[in-house]
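For reference, chains read A, B and C in written order, and residue numbers begin at 1 within each chain.
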Amino acid sequence: MNNIFLTAPNIYKLSSSSAEGLTLLNAFDVALLESGIGNTNLVKMSSILPPNCEYQDNIKLPLGSLVPVAYASIVSKKEGQKISAAVACAIPKDKTKNGLIMEYEDYDISKIEAERVVIEMAKWGMEKRDYEIGKIVSISAEHIVERNGCAFACVVLWWK
Amino acid sequence: MNNIFLTAPNIYKLSSSSAEGLTLLNAFDVALLESGIGNTNLVKMSSILPPNCEYQDNIKLPLGSLVPVAYASIVSKKEGQKISAAVACAIPKDKTKNGLIMEYEDYDISKIEAERVVIEMAKWGMEKRDYEIGKIVSISAEHIVERNGCAFACVVLWWK
Amino acid sequence: MNNIFLTAPNIYKLSSSSAEGLTLLNAFDVALLESGIGNTNLVKMSSILPPNCEYQDNIKLPLGSLVPVAYASIVSKKEGQKISAAVACAIPKDKTKNGLIMEYEDYDISKIEAERVVIEMAKWGMEKRDYEIGKIVSISAEHIVERNGCAFACVVLWWK
(Lines give C-alpha, C1' and ligand atoms only; values in the text may rest on other atoms or scores of the structure.)
Protein backbone atom coordinates (compact mmCIF):
# COMPACT_ATOMS: atom_id res chain seq x y z
CA MET A 1 0.00 0.00 0.00
CA ASN A 2 1.22 3.44 -0.89
CA ASN A 3 0.80 5.17 2.44
CA ILE A 4 2.70 8.18 3.59
CA PHE A 5 1.98 7.37 7.21
CA LEU A 6 4.08 4.27 6.62
CA THR A 7 6.92 6.32 5.17
CA ALA A 8 8.76 8.22 7.87
CA PRO A 9 10.07 11.69 7.02
CA ASN A 10 13.68 11.67 5.77
CA ILE A 11 14.89 15.28 6.11
CA TYR A 12 14.81 17.69 9.03
CA LYS A 13 15.73 21.19 10.01
CA LEU A 14 15.91 23.28 13.21
CA SER A 15 14.61 26.82 13.59
CA SER A 16 13.92 29.26 16.38
CA SER A 17 12.49 32.75 16.66
CA SER A 18 10.66 35.19 18.89
CA ALA A 19 7.96 37.74 18.18
CA GLU A 20 5.40 40.22 19.38
CA GLY A 21 1.82 40.26 18.08
CA LEU A 22 -1.62 41.81 18.36
CA THR A 23 -2.63 38.84 20.52
CA LEU A 24 -0.75 35.82 21.89
CA LEU A 25 -1.87 33.72 18.92
CA ASN A 26 -0.73 36.44 16.53
CA ALA A 27 2.66 36.50 18.29
CA PHE A 28 2.88 32.72 17.81
CA ASP A 29 1.93 33.15 14.14
CA VAL A 30 4.66 35.78 13.60
CA ALA A 31 7.19 33.54 15.35
CA LEU A 32 6.25 30.76 12.90
CA LEU A 33 6.80 33.18 10.00
CA GLU A 34 10.21 34.15 11.42
CA SER A 35 11.08 30.45 11.66
CA GLY A 36 10.14 29.97 8.01
CA ILE A 37 7.11 27.77 8.65
CA GLY A 38 4.35 30.35 9.08
CA ASN A 39 2.61 29.66 5.80
CA THR A 40 2.16 25.92 6.37
CA ASN A 41 -0.18 23.85 8.49
CA LEU A 42 1.81 22.57 11.43
CA VAL A 43 0.86 19.19 12.83
CA LYS A 44 2.43 18.85 16.28
CA MET A 45 3.94 15.45 17.00
CA SER A 46 5.95 13.82 19.76
CA SER A 47 8.99 13.58 18.94
CA ILE A 48 11.34 11.24 17.17
CA LEU A 49 13.95 11.76 14.48
CA PRO A 50 13.44 8.89 12.02
CA PRO A 51 16.46 6.70 11.18
CA ASN A 52 18.71 8.07 8.42
CA CYS A 53 16.95 11.43 8.52
CA GLU A 54 19.24 14.02 6.91
CA TYR A 55 19.74 17.58 7.99
CA GLN A 56 18.83 19.99 5.22
CA ASP A 57 19.21 23.69 5.79
CA ASN A 58 16.76 24.82 3.17
CA ILE A 59 13.61 22.71 3.17
CA LYS A 60 11.02 23.91 0.68
CA LEU A 61 7.57 23.54 2.23
CA PRO A 62 4.59 23.99 -0.12
CA LEU A 63 2.23 26.74 1.09
CA GLY A 64 -0.57 25.33 3.20
CA SER A 65 0.81 21.79 3.31
CA LEU A 66 0.59 19.68 6.47
CA VAL A 67 4.00 19.77 8.11
CA PRO A 68 4.99 17.46 11.00
CA VAL A 69 6.87 19.45 13.60
CA ALA A 70 8.10 19.06 17.18
CA TYR A 71 8.25 22.36 18.98
CA ALA A 72 8.67 24.28 22.21
CA SER A 73 6.59 27.45 22.48
CA ILE A 74 5.89 29.90 25.26
CA VAL A 75 3.78 33.06 25.29
CA SER A 76 3.33 35.82 27.86
CA LYS A 77 1.56 39.16 28.32
CA LYS A 78 3.72 40.25 31.27
CA GLU A 79 5.73 43.28 30.21
CA GLY A 80 9.44 42.85 30.79
CA GLN A 81 9.23 39.10 31.43
CA LYS A 82 11.89 36.92 29.87
CA ILE A 83 10.63 33.78 28.12
CA SER A 84 12.69 31.09 26.44
CA ALA A 85 12.10 27.99 24.30
CA ALA A 86 14.52 25.31 23.16
CA VAL A 87 14.61 21.99 21.31
CA ALA A 88 17.36 19.38 21.15
CA CYS A 89 17.73 16.50 18.77
CA ALA A 90 19.94 13.59 19.80
CA ILE A 91 21.20 11.59 16.85
CA PRO A 92 22.35 8.01 17.45
CA LYS A 93 25.72 6.64 16.36
CA ASP A 94 23.90 3.70 14.80
CA LYS A 95 22.12 5.27 11.82
CA THR A 96 19.57 2.43 11.63
CA LYS A 97 18.18 3.63 14.97
CA ASN A 98 15.94 6.65 15.51
CA GLY A 99 16.97 9.86 17.23
CA LEU A 100 15.09 11.66 19.99
CA ILE A 101 13.73 15.20 20.02
CA MET A 102 13.07 17.01 23.28
CA GLU A 103 11.33 20.34 23.87
CA TYR A 104 11.60 22.72 26.79
CA GLU A 105 10.24 26.19 27.51
CA ASP A 106 9.94 28.30 30.65
CA TYR A 107 9.37 31.75 32.08
CA ASP A 108 12.20 33.80 33.56
CA ILE A 109 15.07 31.78 32.17
CA SER A 110 17.61 32.57 29.44
CA LYS A 111 17.87 30.69 26.16
CA ILE A 112 21.20 29.31 27.37
CA GLU A 113 19.55 27.78 30.43
CA ALA A 114 16.66 26.41 28.34
CA GLU A 115 19.06 24.85 25.87
CA ARG A 116 21.16 23.32 28.64
CA VAL A 117 18.05 21.69 30.15
CA VAL A 118 16.71 20.37 26.86
CA ILE A 119 20.09 18.84 25.95
CA GLU A 120 20.11 16.99 29.30
CA MET A 121 16.58 15.76 28.59
CA ALA A 122 17.63 14.42 25.19
CA LYS A 123 20.74 12.74 26.66
CA TRP A 124 18.70 11.13 29.41
CA GLY A 125 16.12 9.82 26.93
CA MET A 126 18.81 8.27 24.73
CA GLU A 127 20.43 6.58 27.76
CA LYS A 128 17.03 5.18 28.71
CA ARG A 129 16.89 3.64 25.22
CA ASP A 130 20.47 2.34 25.47
CA TYR A 131 21.28 4.26 22.30
CA GLU A 132 24.79 5.62 21.92
CA ILE A 133 24.71 9.30 20.96
CA GLY A 134 26.52 10.39 17.81
CA LYS A 135 25.80 14.06 18.27
CA ILE A 136 23.23 16.46 19.66
CA VAL A 137 21.98 19.49 17.77
CA SER A 138 19.94 22.15 19.52
CA ILE A 139 18.47 25.59 19.06
CA SER A 140 16.70 28.13 21.27
CA ALA A 141 15.04 31.53 21.41
CA GLU A 142 14.70 34.13 24.15
CA HIS A 143 12.34 37.06 24.30
CA ILE A 144 11.61 40.01 26.59
CA VAL A 145 7.87 40.57 26.50
CA GLU A 146 6.52 43.97 25.45
CA ARG A 147 2.77 43.30 25.19
CA ASN A 148 2.14 39.88 23.68
CA GLY A 149 5.32 37.90 23.26
CA CYS A 150 6.28 34.44 22.02
CA ALA A 151 9.51 32.42 22.05
CA PHE A 152 9.60 29.42 19.75
CA ALA A 153 11.99 26.61 18.77
CA CYS A 154 11.29 23.65 16.51
CA VAL A 155 12.41 20.62 14.57
CA VAL A 156 10.63 20.36 11.22
CA LEU A 157 10.40 16.98 9.49
CA TRP A 158 9.82 16.55 5.77
CA TRP A 159 10.34 14.31 2.78
CA LYS A 160 12.91 14.87 0.03
CA MET B 1 7.10 10.75 -4.65
CA ASN B 2 3.40 10.30 -4.17
CA ASN B 3 2.98 11.89 -0.78
CA ILE B 4 -0.16 13.45 0.57
CA PHE B 5 1.85 15.58 3.00
CA LEU B 6 3.24 17.29 -0.11
CA THR B 7 -0.25 17.90 -1.46
CA ALA B 8 -2.01 20.66 0.42
CA PRO B 9 -5.76 20.31 0.97
CA ASN B 10 -7.84 22.00 -1.76
CA ILE B 11 -11.33 22.40 -0.28
CA TYR B 12 -12.53 23.86 3.02
CA LYS B 13 -15.61 24.50 5.05
CA LEU B 14 -16.58 26.41 8.21
CA SER B 15 -18.78 25.07 11.00
CA SER B 16 -19.74 26.01 14.51
CA SER B 17 -21.85 24.52 17.26
CA SER B 18 -22.39 24.26 20.98
CA ALA B 19 -23.40 21.40 23.21
CA GLU B 20 -23.89 19.91 26.65
CA GLY B 21 -22.55 16.51 27.63
CA LEU B 22 -22.08 13.97 30.42
CA THR B 23 -18.53 15.31 30.84
CA LEU B 24 -16.57 18.15 29.22
CA LEU B 25 -15.07 15.74 26.70
CA ASN B 26 -18.54 14.39 25.90
CA ALA B 27 -19.76 17.96 25.37
CA PHE B 28 -16.86 18.53 22.97
CA ASP B 29 -17.74 15.27 21.18
CA VAL B 30 -21.39 16.31 20.79
CA ALA B 31 -20.30 19.74 19.50
CA LEU B 32 -18.19 17.94 16.88
CA LEU B 33 -21.24 15.87 15.88
CA GLU B 34 -23.32 19.06 15.60
CA SER B 35 -20.61 20.55 13.39
CA GLY B 36 -20.72 17.50 11.13
CA ILE B 37 -17.25 16.21 11.98
CA GLY B 38 -17.95 14.07 15.04
CA ASN B 39 -17.38 10.74 13.35
CA THR B 40 -13.92 11.52 12.01
CA ASN B 41 -10.49 11.72 13.61
CA LEU B 42 -9.62 15.38 13.91
CA VAL B 43 -5.97 16.32 13.58
CA LYS B 44 -5.51 19.86 14.93
CA MET B 45 -3.22 22.06 12.88
CA SER B 46 -2.13 25.68 12.85
CA SER B 47 -3.63 27.34 10.62
CA ILE B 48 -3.29 28.22 6.98
CA LEU B 49 -5.71 28.11 4.08
CA PRO B 50 -3.73 26.64 1.16
CA PRO B 51 -3.61 28.62 -2.10
CA ASN B 52 -6.59 28.05 -4.41
CA CYS B 53 -8.50 26.23 -1.70
CA GLU B 54 -12.20 26.24 -2.63
CA TYR B 55 -15.13 26.66 -0.28
CA GLN B 56 -17.43 23.63 -0.44
CA ASP B 57 -20.52 23.58 1.68
CA ASN B 58 -20.97 19.86 1.73
CA ILE B 59 -17.68 18.04 2.24
CA LYS B 60 -18.06 14.29 2.53
CA LEU B 61 -15.67 12.99 5.17
CA PRO B 62 -15.22 9.20 5.35
CA LEU B 63 -16.04 7.82 8.81
CA GLY B 64 -12.94 7.57 10.96
CA SER B 65 -10.64 9.28 8.48
CA LEU B 66 -7.93 11.71 9.64
CA VAL B 67 -9.24 15.21 9.05
CA PRO B 68 -7.04 18.32 9.28
CA VAL B 69 -8.90 21.03 11.16
CA ALA B 70 -8.22 24.42 12.73
CA TYR B 71 -10.54 25.12 15.62
CA ALA B 72 -11.48 27.24 18.60
CA SER B 73 -13.03 25.35 21.49
CA ILE B 74 -13.98 26.28 25.02
CA VAL B 75 -15.56 24.21 27.78
CA SER B 76 -16.96 25.09 31.18
CA LYS B 77 -18.74 23.53 34.14
CA LYS B 78 -19.90 26.84 35.61
CA GLU B 79 -23.68 26.95 35.44
CA GLY B 80 -24.97 30.05 33.70
CA GLN B 81 -21.59 31.06 32.30
CA LYS B 82 -21.48 32.30 28.73
CA ILE B 83 -18.74 30.82 26.55
CA SER B 84 -17.95 31.64 22.94
CA ALA B 85 -15.68 30.36 20.18
CA ALA B 86 -14.93 31.82 16.75
CA VAL B 87 -12.72 31.27 13.72
CA ALA B 88 -11.93 33.60 10.83
CA CYS B 89 -10.36 32.78 7.53
CA ALA B 90 -8.73 35.60 5.56
CA ILE B 91 -8.47 34.88 1.86
CA PRO B 92 -5.88 36.78 -0.19
CA LYS B 93 -6.69 38.68 -3.39
CA ASP B 94 -3.79 36.89 -5.02
CA LYS B 95 -5.01 33.30 -5.30
CA THR B 96 -1.46 31.93 -5.61
CA LYS B 97 -0.89 33.00 -2.01
CA ASN B 98 -2.16 31.21 1.09
CA GLY B 99 -4.86 32.49 3.39
CA LEU B 100 -4.72 32.70 7.19
CA ILE B 101 -6.99 31.08 9.75
CA MET B 102 -7.29 32.49 13.26
CA GLU B 103 -9.06 31.03 16.29
CA TYR B 104 -10.39 32.74 19.39
CA GLU B 105 -12.40 31.60 22.39
CA ASP B 106 -13.17 33.12 25.76
CA TYR B 107 -15.38 33.02 28.83
CA ASP B 108 -18.05 35.64 29.46
CA ILE B 109 -18.17 37.08 25.96
CA SER B 110 -20.77 36.86 23.22
CA LYS B 111 -20.22 35.17 19.88
CA ILE B 112 -20.38 38.61 18.26
CA GLU B 113 -17.50 39.84 20.39
CA ALA B 114 -15.51 36.65 19.76
CA GLU B 115 -16.04 36.95 16.01
CA ARG B 116 -15.04 40.63 16.04
CA VAL B 117 -11.77 39.79 17.81
CA VAL B 118 -10.91 36.84 15.57
CA ILE B 119 -11.51 38.89 12.41
CA GLU B 120 -9.10 41.55 13.72
CA MET B 121 -6.54 38.83 14.40
CA ALA B 122 -6.84 37.50 10.84
CA LYS B 123 -6.57 41.03 9.37
CA TRP B 124 -3.50 41.78 11.48
CA GLY B 125 -1.80 38.53 10.43
CA MET B 126 -2.42 39.22 6.74
CA GLU B 127 -0.99 42.74 7.07
CA LYS B 128 2.07 41.27 8.77
CA ARG B 129 2.49 39.08 5.65
CA ASP B 130 1.91 42.03 3.28
CA TYR B 131 -0.93 40.07 1.71
CA GLU B 132 -3.89 42.02 0.36
CA ILE B 133 -7.16 40.58 1.67
CA GLY B 134 -9.79 39.50 -0.85
CA LYS B 135 -12.39 38.62 1.75
CA ILE B 136 -12.77 37.28 5.26
CA VAL B 137 -15.18 34.52 6.20
CA SER B 138 -15.92 33.77 9.84
CA ILE B 139 -18.18 31.75 12.08
CA SER B 140 -18.84 31.52 15.81
CA ALA B 141 -20.82 29.79 18.53
CA GLU B 142 -22.06 30.91 21.94
CA HIS B 143 -23.31 28.78 24.78
CA ILE B 144 -24.80 29.26 28.24
CA VAL B 145 -23.48 26.45 30.40
CA GLU B 146 -25.91 24.13 32.15
CA ARG B 147 -23.63 21.43 33.56
CA ASN B 148 -20.88 20.63 31.08
CA GLY B 149 -20.88 22.98 28.13
CA CYS B 150 -18.82 23.48 24.99
CA ALA B 151 -18.71 26.16 22.29
CA PHE B 152 -16.86 25.23 19.11
CA ALA B 153 -15.96 26.79 15.75
CA CYS B 154 -13.75 25.32 13.03
CA VAL B 155 -12.31 25.37 9.55
CA VAL B 156 -12.12 21.89 8.05
CA LEU B 157 -9.68 21.21 5.22
CA TRP B 158 -10.02 18.34 2.80
CA TRP B 159 -9.19 17.08 -0.68
CA LYS B 160 -11.64 16.92 -3.58
CA MET C 1 -6.71 10.34 -5.92
CA ASN C 2 -4.31 8.24 -3.91
CA ASN C 3 -4.56 9.97 -0.57
CA ILE C 4 -3.93 8.41 2.79
CA PHE C 5 -6.04 11.01 4.53
CA LEU C 6 -8.94 9.56 2.56
CA THR C 7 -8.14 6.05 3.75
CA ALA C 8 -9.11 5.55 7.36
CA PRO C 9 -6.84 3.34 9.49
CA ASN C 10 -7.96 -0.30 9.60
CA ILE C 11 -6.19 -1.83 12.61
CA TYR C 12 -5.95 -0.71 16.22
CA LYS C 13 -4.43 -1.64 19.53
CA LEU C 14 -4.71 -0.53 23.17
CA SER C 15 -1.77 0.07 25.51
CA SER C 16 -1.15 1.62 28.89
CA SER C 17 1.85 2.29 31.05
CA SER C 18 3.32 4.49 33.75
CA ALA C 19 6.79 5.85 34.29
CA GLU C 20 9.18 8.15 36.11
CA GLY C 21 11.63 10.43 34.30
CA LEU C 22 14.26 13.15 34.64
CA THR C 23 11.52 15.69 33.81
CA LEU C 24 7.77 15.40 33.18
CA LEU C 25 8.37 15.21 29.42
CA ASN C 26 10.98 12.49 29.96
CA ALA C 27 8.45 10.58 32.09
CA PHE C 28 5.92 10.87 29.25
CA ASP C 29 8.58 9.66 26.80
CA VAL C 30 9.39 6.62 28.95
CA ALA C 31 5.66 5.86 29.30
CA LEU C 32 5.43 5.89 25.49
CA LEU C 33 8.37 3.46 25.31
CA GLU C 34 6.65 1.19 27.85
CA SER C 35 3.50 1.31 25.72
CA GLY C 36 5.49 0.27 22.65
CA ILE C 37 5.10 3.55 20.77
CA GLY C 38 8.04 5.56 22.10
CA ASN C 39 10.10 5.44 18.93
CA THR C 40 7.38 6.84 16.65
CA ASN C 41 5.98 10.30 16.05
CA LEU C 42 2.59 10.41 17.72
CA VAL C 43 -0.06 12.59 16.11
CA LYS C 44 -2.86 13.14 18.64
CA MET C 45 -6.35 12.91 17.21
CA SER C 46 -9.90 12.98 18.52
CA SER C 47 -11.17 10.10 18.65
CA ILE C 48 -13.00 7.67 16.45
CA LEU C 49 -12.52 3.99 15.66
CA PRO C 50 -13.03 3.67 11.90
CA PRO C 51 -15.62 1.16 10.64
CA ASN C 52 -14.30 -2.40 10.31
CA CYS C 53 -11.15 -1.55 12.17
CA GLU C 54 -9.60 -4.79 13.46
CA TYR C 55 -7.90 -5.35 16.77
CA GLN C 56 -4.32 -6.49 16.27
CA ASP C 57 -2.19 -7.22 19.28
CA ASN C 58 1.14 -6.77 17.61
CA ILE C 59 1.18 -3.75 15.33
CA LYS C 60 4.58 -3.11 13.77
CA LEU C 61 5.18 0.64 13.64
CA PRO C 62 8.17 1.80 11.56
CA LEU C 63 10.65 3.85 13.62
CA GLY C 64 9.93 7.57 13.36
CA SER C 65 6.70 7.16 11.38
CA LEU C 66 3.68 9.40 12.03
CA VAL C 67 1.24 7.40 14.14
CA PRO C 68 -2.35 8.51 14.78
CA VAL C 69 -3.21 7.94 18.42
CA ALA C 70 -5.93 8.85 20.92
CA TYR C 71 -4.59 9.02 24.44
CA ALA C 72 -5.12 10.00 28.04
CA SER C 73 -2.01 11.24 29.83
CA ILE C 74 -1.37 12.80 33.19
CA VAL C 75 1.86 13.95 34.82
CA SER C 76 2.72 15.13 38.31
CA LYS C 77 5.70 16.20 40.42
CA LYS C 78 3.88 15.74 43.75
CA GLU C 79 5.60 12.93 45.63
CA GLY C 80 3.18 10.23 46.73
CA GLN C 81 0.32 11.47 44.56
CA LYS C 82 -1.73 8.87 42.73
CA ILE C 83 -2.41 9.61 39.05
CA SER C 84 -4.46 7.54 36.62
CA ALA C 85 -5.24 7.52 32.91
CA ALA C 86 -7.73 5.42 30.95
CA VAL C 87 -9.16 5.02 27.47
CA ALA C 88 -12.25 3.16 26.30
CA CYS C 89 -13.22 2.16 22.83
CA ALA C 90 -16.89 1.43 22.13
CA ILE C 91 -17.39 -0.77 19.09
CA PRO C 92 -20.79 -0.72 17.37
CA LYS C 93 -22.83 -3.82 16.58
CA ASP C 94 -23.21 -2.56 13.04
CA LYS C 95 -19.71 -2.91 11.61
CA THR C 96 -20.37 -0.34 8.87
CA LYS C 97 -20.56 2.30 11.58
CA ASN C 98 -17.62 3.85 13.41
CA GLY C 99 -16.76 3.28 17.04
CA LEU C 100 -15.99 5.92 19.65
CA ILE C 101 -12.84 6.38 21.71
CA MET C 102 -12.93 8.28 24.99
CA GLU C 103 -10.04 9.39 27.20
CA TYR C 104 -9.98 10.24 30.89
CA GLU C 105 -7.26 11.08 33.38
CA ASP C 106 -7.24 12.56 36.85
CA TYR C 107 -5.27 13.11 40.02
CA ASP C 108 -5.97 11.14 43.19
CA ILE C 109 -8.07 8.40 41.63
CA SER C 110 -7.34 4.74 41.00
CA LYS C 111 -7.09 3.18 37.56
CA ILE C 112 -10.31 1.29 38.33
CA GLU C 113 -12.17 4.57 38.93
CA ALA C 114 -10.66 6.14 35.80
CA GLU C 115 -11.64 3.14 33.69
CA ARG C 116 -15.17 3.15 35.11
CA VAL C 117 -15.59 6.83 34.19
CA VAL C 118 -14.17 6.48 30.69
CA ILE C 119 -16.42 3.50 29.93
CA GLU C 120 -19.46 5.58 30.97
CA MET C 121 -18.26 8.38 28.69
CA ALA C 122 -17.96 6.00 25.73
CA LYS C 123 -21.41 4.52 26.43
CA TRP C 124 -22.98 7.95 26.64
CA GLY C 125 -21.40 9.06 23.37
CA MET C 126 -22.64 5.98 21.55
CA GLU C 127 -26.18 6.53 22.88
CA LYS C 128 -25.98 10.13 21.67
CA ARG C 129 -25.21 8.73 18.21
CA ASP C 130 -28.00 6.12 18.44
CA TYR C 131 -25.41 3.43 17.82
CA GLU C 132 -25.97 0.05 19.43
CA ILE C 133 -22.84 -1.09 21.26
CA GLY C 134 -21.32 -4.46 20.35
CA LYS C 135 -18.61 -4.33 22.99
CA ILE C 136 -16.39 -1.95 24.89
CA VAL C 137 -12.67 -2.48 25.32
CA SER C 138 -10.72 -0.38 27.78
CA ILE C 139 -7.33 -0.05 29.42
CA SER C 140 -5.82 2.08 32.17
CA ALA C 141 -2.70 2.87 34.14
CA GLU C 142 -2.11 4.10 37.68
CA HIS C 143 1.04 5.56 39.16
CA ILE C 144 2.28 6.79 42.52
CA VAL C 145 4.55 9.74 41.85
CA GLU C 146 8.13 9.65 43.08
CA ARG C 147 9.65 12.76 41.48
CA ASN C 148 8.31 13.18 37.93
CA GLY C 149 5.57 10.69 37.15
CA CYS C 150 3.31 9.90 34.21
CA ALA C 151 0.29 7.63 33.72
CA PHE C 152 -0.68 6.93 30.12
CA ALA C 153 -3.32 4.98 28.19
CA CYS C 154 -3.89 4.97 24.42
CA VAL C 155 -5.58 3.60 21.35
CA VAL C 156 -3.17 3.39 18.41
CA LEU C 157 -4.56 3.31 14.88
CA TRP C 158 -2.64 1.98 11.91
CA TRP C 159 -2.93 0.42 8.47
CA LYS C 160 -2.38 -3.24 7.64
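Of note:
Assume contacts are C-beta pairs under 8 Å (C-beta built on N, C-alpha and C of every residue); 3 or more make two chains touch, one makes a residue touch a chain.
Predicted model only: the values in this text are computed from it and were never measured.
Between chain B and chain C, the superposing rotation on Cα atoms measures out at 120°, rounded to the nearest 5.
Comparing the contact residues of chain A and chain B by number shows a mostly separate set, under half of all numbers used being common to the two copies. Chain A and chain B have centres, each the mean of its CA atoms, that are 25 Å apart. Touching two or more other chains at once are residues 2, 4, 7, 43-44, 68 of chain A.
Residue ranges of chain B in contact with chain C, taken from their complex: 2, 4, 7, 21-23, 25-26, 28-30, 32-33, 38-44, 62-68, 158-159.
Across the complex, chain C is touched by residues 1-9, 43-51, 53, 68, 70, 97-98, 100, 102-104, 117, 120-121, 124-125, 128-129, 157 of chain A.
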